[in-house]
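In the two complexes that follow, chain A is the common piece, with chain B as its partner first and chain C second.
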Partner chain A sequence: MDSLATPLEVVARPQLDLELRGIRKRYGDFTAVDDVSLQVAKGQFVCLLGPSGCGKTTTLRCVAGLEEPDDGGILIGGKEVTKDPPWQRDIAMMFQDFALFPHMTVARQVGFGLEMLKKPKAEIARRVQEVLKAFEISPLADRKPGSLSGGQRQRVALARAMITEPRILLLDEPIGALDYSLRETVMLELKMLQQRTGISFIWVTHDQNEAFSLGDLVVVMNHAKIEQQGTAEEILQRPATAFVAGFVQGNNVFHGRITGTSPDALQVETSAGRFYLPRPVRCTPMLGDAVSFSVRAERITDSLSDRHANRLSARCTAVEYFGSVRRHIFERPDGQVLKYDQFGAYAARIAPGQTVQLGWLVEETVLHTGAVA
Partner chain B sequence: MSTIRVRSPASYWLAVPAAVWMLGVVVVPIVLLVWVSFWGGRTFSPASPLTFDNYARFFANQTYIKLAGTTVLHTMTLMAVTGVLGYCIAYFLVMKVKSPAWRLALFLAFIIPFWTSTLIRAIAWVPFLGVNGVINQLLMSIGATRSPIEAFLYSHTGITMAQVSLYTMMAAGPVVYMLSSIAPQLREAAMTLKATPFTVFRRITFPLTLPGVVIGQVLVFLNVMSDFATVATIGGNKHALLSNLVLLFYESSQIRAASVVAVLLMICMLVGVVIALRVVDVRRLGAER
Partner chain C sequence: MTGGPKIGWKGRSSLTAWILGTLTVIFLAYQWLPILTLGLLSFSGPTGGTTFPMNGTSFHWYQELWRASVMNDFKPPLMRSVLLALACSATTVVLSVAAAQAMRGQFRGSGWFFYLMLLGIMAPGILVGFGFAILMRLIGVELSWDTTTFLVQVSWTLPFGFLTMLAVFNRFDKRVEEAALTLGASRLKTFRRITLPLVLPGVIGAGLFGFSLSYDEYARSMFTTGPDATLPLAVMAQLDRQLTPEIYAVGTTTTIFSLIAVMLCTVAFWAMRRSTALRKS
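Right, the complex of A and B next:
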């Protein structure tokens, strides 16, 4: 086994709120988390993004101490906590369905964390009042969770988690249970709360809009592994793997083989034709390698010039209009599907059924260079 | 979807068969029982004058009063023992047995003995508890005791032992249900709020299972109060509780005295149930989930 034996010889960095060092978690034959490493700076907003079953929630539960990783190390605030139980970690957690205690009033519930810290009664009462006020739920103080609406429950859960001022707040799909209309407001509020308090947020979601609009750092996971981590812009503009490119909206993904190299470009043969890509700096692709690459839907154009070296013809099958964007869906006989986004309120130029020449610039083409940590 | 509305004529008609049945086998016999318990005079007939004489006679007898006290004390002991034991078993089944197959197997192992009647199960204890019984043989073979312990059979201890085995699952059953309906996230949330496992139990798990505990206690209370068979078989002729008194009076054709004891027994049970419902509103069970 390539056991990592908790590589703690590396000096712990106290400026990090959280550090994961190659954590692994298996359930029988199923690997839920595989070699996940992550560094979260002080006060960072991190989103773990991925399809269901990708291991993002298990990773979060390992940080909380609700699961113990089979391998690897977890450091919170520079202190190794891998084997520590949840109640000894400087974290708080917000659960997907909020996990409010059904037998406790809102006030009791919110004060629970302080009670556990053995704070004096008067101080608890005062802090609870403050926090209830801050979260605008003072009128609910004597109610029990059973009589609260979804939005109210969400606030109570948040207040309950935040009152102890943890170093890290873990949020498992925190707005997934809310009405769609509420989500945007709540997202904004949470982002502002995070910036104001400077508490690190680790936010698990399968919704890329949430992840990209909230996260300072977005971590895309698939099949128990991290596929790519970076800012929203890095992930959207330079997807590292075919999975990431396909998972985030608006990418056209191609698979093919390298048939030619030059000092500054690669030539890739696909079923949809021959395309040219900028030669990557960090790796050296070899002739004959199977590769994938992508181009964003908004980088494609139907008004071609000499500079558009990458071209193909395709038949339009559908046009969707979203107000600011007109998205065209194309299909080719070889099965390749293509999305082409046109911005602005131009009149539609392409109608379904039409076959059109499309193209894009070489430098708009992104080679997937594999999982980049 | 049901199309029969609450309080519609159809809903009342649907309740008629059950209501007639209950009237015939529960309400009418109880009314008769209460009526008979007030019959005075010398002749046993509906023409008898109604008096409190039968009750006065019961309360004048110190032996009966003591017996009532013993019955209550015995029932409380059993409630305490089965309560603690039942909670432990339920907690083990739900929280510690992770595999559903094992949980089912263990649960069945606990439940299957209940397929036989209480009487049979009570009698089944006799060969265990007797002077030459299994328990004594075992104790002697491992050298724990030289001569057999006679205290097991035909003794109060024996009755308690047998009844604990008979009624523990009644205390455990409702707790199993309540425990398994607690979302694991609740305990996890408490842990992330810095509660230690013991505190999680004290503040989250136990309060949420309290209705189950109370229901279990009510079941044990009612069953032990009315269980004359175990007391008769395990206790022999030496021990009796209130319920045995009913039988005793009945067998000696003292029907009025028997109904007095029966009515008093019912009043005790009613009071017990009312107290239990004061503690936990069973009707609102699960309403907050």
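Right, the complex of A and C next:
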């Protein structure tokens, strides 16, 4: 894989909270995690994003020590922990359905981590009080999880995980079990909490809105491998593979073959026509290579000028209106589907059934350099 | 709907309710009337027989039971049976929890292990007992209620406890254990603080199975007990010799003791639940 994905150049802090060195995990014939390497700087908010079964949760469980990788190494705070059991790692974990202890009161389970550290009783009681207050769950201290609402459980789980101030907090779909209306608020709270405490968060999710709005670093996984890692902008604007381009919203993905090269451009032949791409700096595509590229839906236009070297005609099949954006869906006889987003409250110009000339600039076209399509 | 009050699909017509209610009452009577009959007859007069009419009422047979002669003294067998049942119960609890825990982790041959465990339920008791006795004689082990009978009975009670614990662990959310592990609890601590309290109802169930199945076991004890009989053997021996209401007194007494034991268990369980609920950090 080409090293488009080097987010750590951006974060120039020397000490790493977490480092994964080519970890691998197999279950029989199924490879759940394949050669995953990752570096998490101190206090970074990392989101592992991918469809279900892509290996993101298994990766998280390897960091927690709940799974032992078959291969590769895990370092937490610079210390090798690959073979260490979970209880000896400087981490805490928040589970998808929170996994609260049903037989313990809120106060008791929030204090559980400190109890395991053999802290004096008085200190535990004092810290529990503080933490319950900080998470605004003091009134629930004597209740058991069975009688709590989803939002309350989430707070208890978070308080329980944070009380020992671990180096890394692992979160497995932490807001997936919450009501939709609660999620936005909770996301914001968690982000602020993370920034305030400086604890590294590793957040597993399949929801790209969560990943892109929260993560300092977003790691997109598919089929047990990392497809791309980088900031939200990098992944949204410069997808490294056809999978990433297709997985994040708003990309039009094309597959084709290189039919011409010049010092600053590539010519690619696809079933939808011939397109021009800026020549990438870091890799050297060869004539005849199968490649994929993408263009974002909002970069396409139907008011063409001479500068729009990439053009095609397509029939509009649907128009969706979202208030701030009008999305047009187009289809071509060769099967290529196109999305074209028009921002602002303009009157509709294109109606379903119409065939329209669309185009975009060469520099808006992104060659996927991370994988051969 | 025409005629009669409308019943929702979740409701039940009064006719169905009557039929089901009657069946339930008949079933419960069928279960309890024999015991009540024996209980009643155990209070018959000194000249009373083992059937109705009762020939007066008295505590005669209970007094007989108390100052029994050497020939028909039920107290030592009762003592043995209770000790044996307690030992079986404790052993069943420990082994069935351990075996069910092992089954959670799917080891090599766990399928075979499962069926071999269940063999204890399927195999006819009288053959198991007989076979065991022959085997013990072969290797020269003295038969006795507290060694050979204990072993045979555990092979009988263990599968019941094992199945109970399997069912309990089946519904067990292993992520609460994982949460404890990530919060710094070792495996042993996690078992003690999280797993055990959560499966405790099942553990108590396994213990009760162990006790009650051992307490009235006859077939497996018959050939393996040696000279000192357990209660079921002593009762059968007495039935062979002479049938008096004293047997009924034995039955009634032990039934009452069993009920008291179960009640104590239940009360202790609730008390414990309450105390953990009220305990604060």
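Here are some notes:
Just so it is clear, the second predicted complex is superposed on the first by the 356 of 373 C-alpha atoms of A that agree within 3 Å, B and C clash if a C-alpha of one lies under 4 Å from a C-alpha of the other, contacts with A are read in each partner's own complex, and residues count from 1 in each chain.
Definition applied: a contact is a pair of C-beta atoms (placed from the backbone, for glycine too) under 8 Å apart; a residue touches a chain by one contact, two chains touch by 3 or more.
These numbers come from a predicted model, not from an experiment.
With chain A as the common reference, chain B cannot sit beside chain C without a clash. In the superposition on chain A, A:Thr105 contacts chain C only, with no contact to chain B.
With both structures placed on the common chain, the touch criterion links A:Gly146 to chain B but leaves chain C unconnected. Set side by side, chain B and chain C differ in how many residues of chain A they touch, and the one touching more is C. In the overlay built on the shared chain, the residue A:Phe30 is in contact with neither chain B nor chain C. Applying the stated contact rule after C-alpha superposition, one finds that A:Ile124 touches chain C and leaves chain B untouched. When the two complexes are overlaid on their common chain A, residue A:Arg160 makes contact with chain B and with chain C alike. Contacts of A:Trp87 after superposition: both chain B and chain C are touched.
Of the two partner chains, neither chain B nor chain C is touched by A:Phe322. Chain A uses residues 64-66, 85-87, 89, 91-93, 95, 97, 99-103, 112-113, 116-117, 144, 160-161, 164, 170 to touch chain B in one structure and chain C in the other. Across the interface of their complex, chain B is touched by residues 64-66, 85-87, 89, 91-93, 95-97, 99-103, 112-113, 116-117, 144-146, 160-161, 164, 170 of chain A. Residue ranges on chain C touching chain A, taken from their complex, read 173, 175-176, 178-187, 189, 193-194, 197-198, 276-277, 279-281. Chain B makes touch with chain A in their complex at residues 183, 185-186, 188-196, 199, 203-204, 207-208, 287-289. Residue ranges on chain A touching chain C, taken from their complex, read 64-66, 85-87, 89, 91-93, 95, 97, 99-105, 107-108, 111-113, 115-117, 121, 124-125, 128, 141-142, 144, 160-161, 164, 170.
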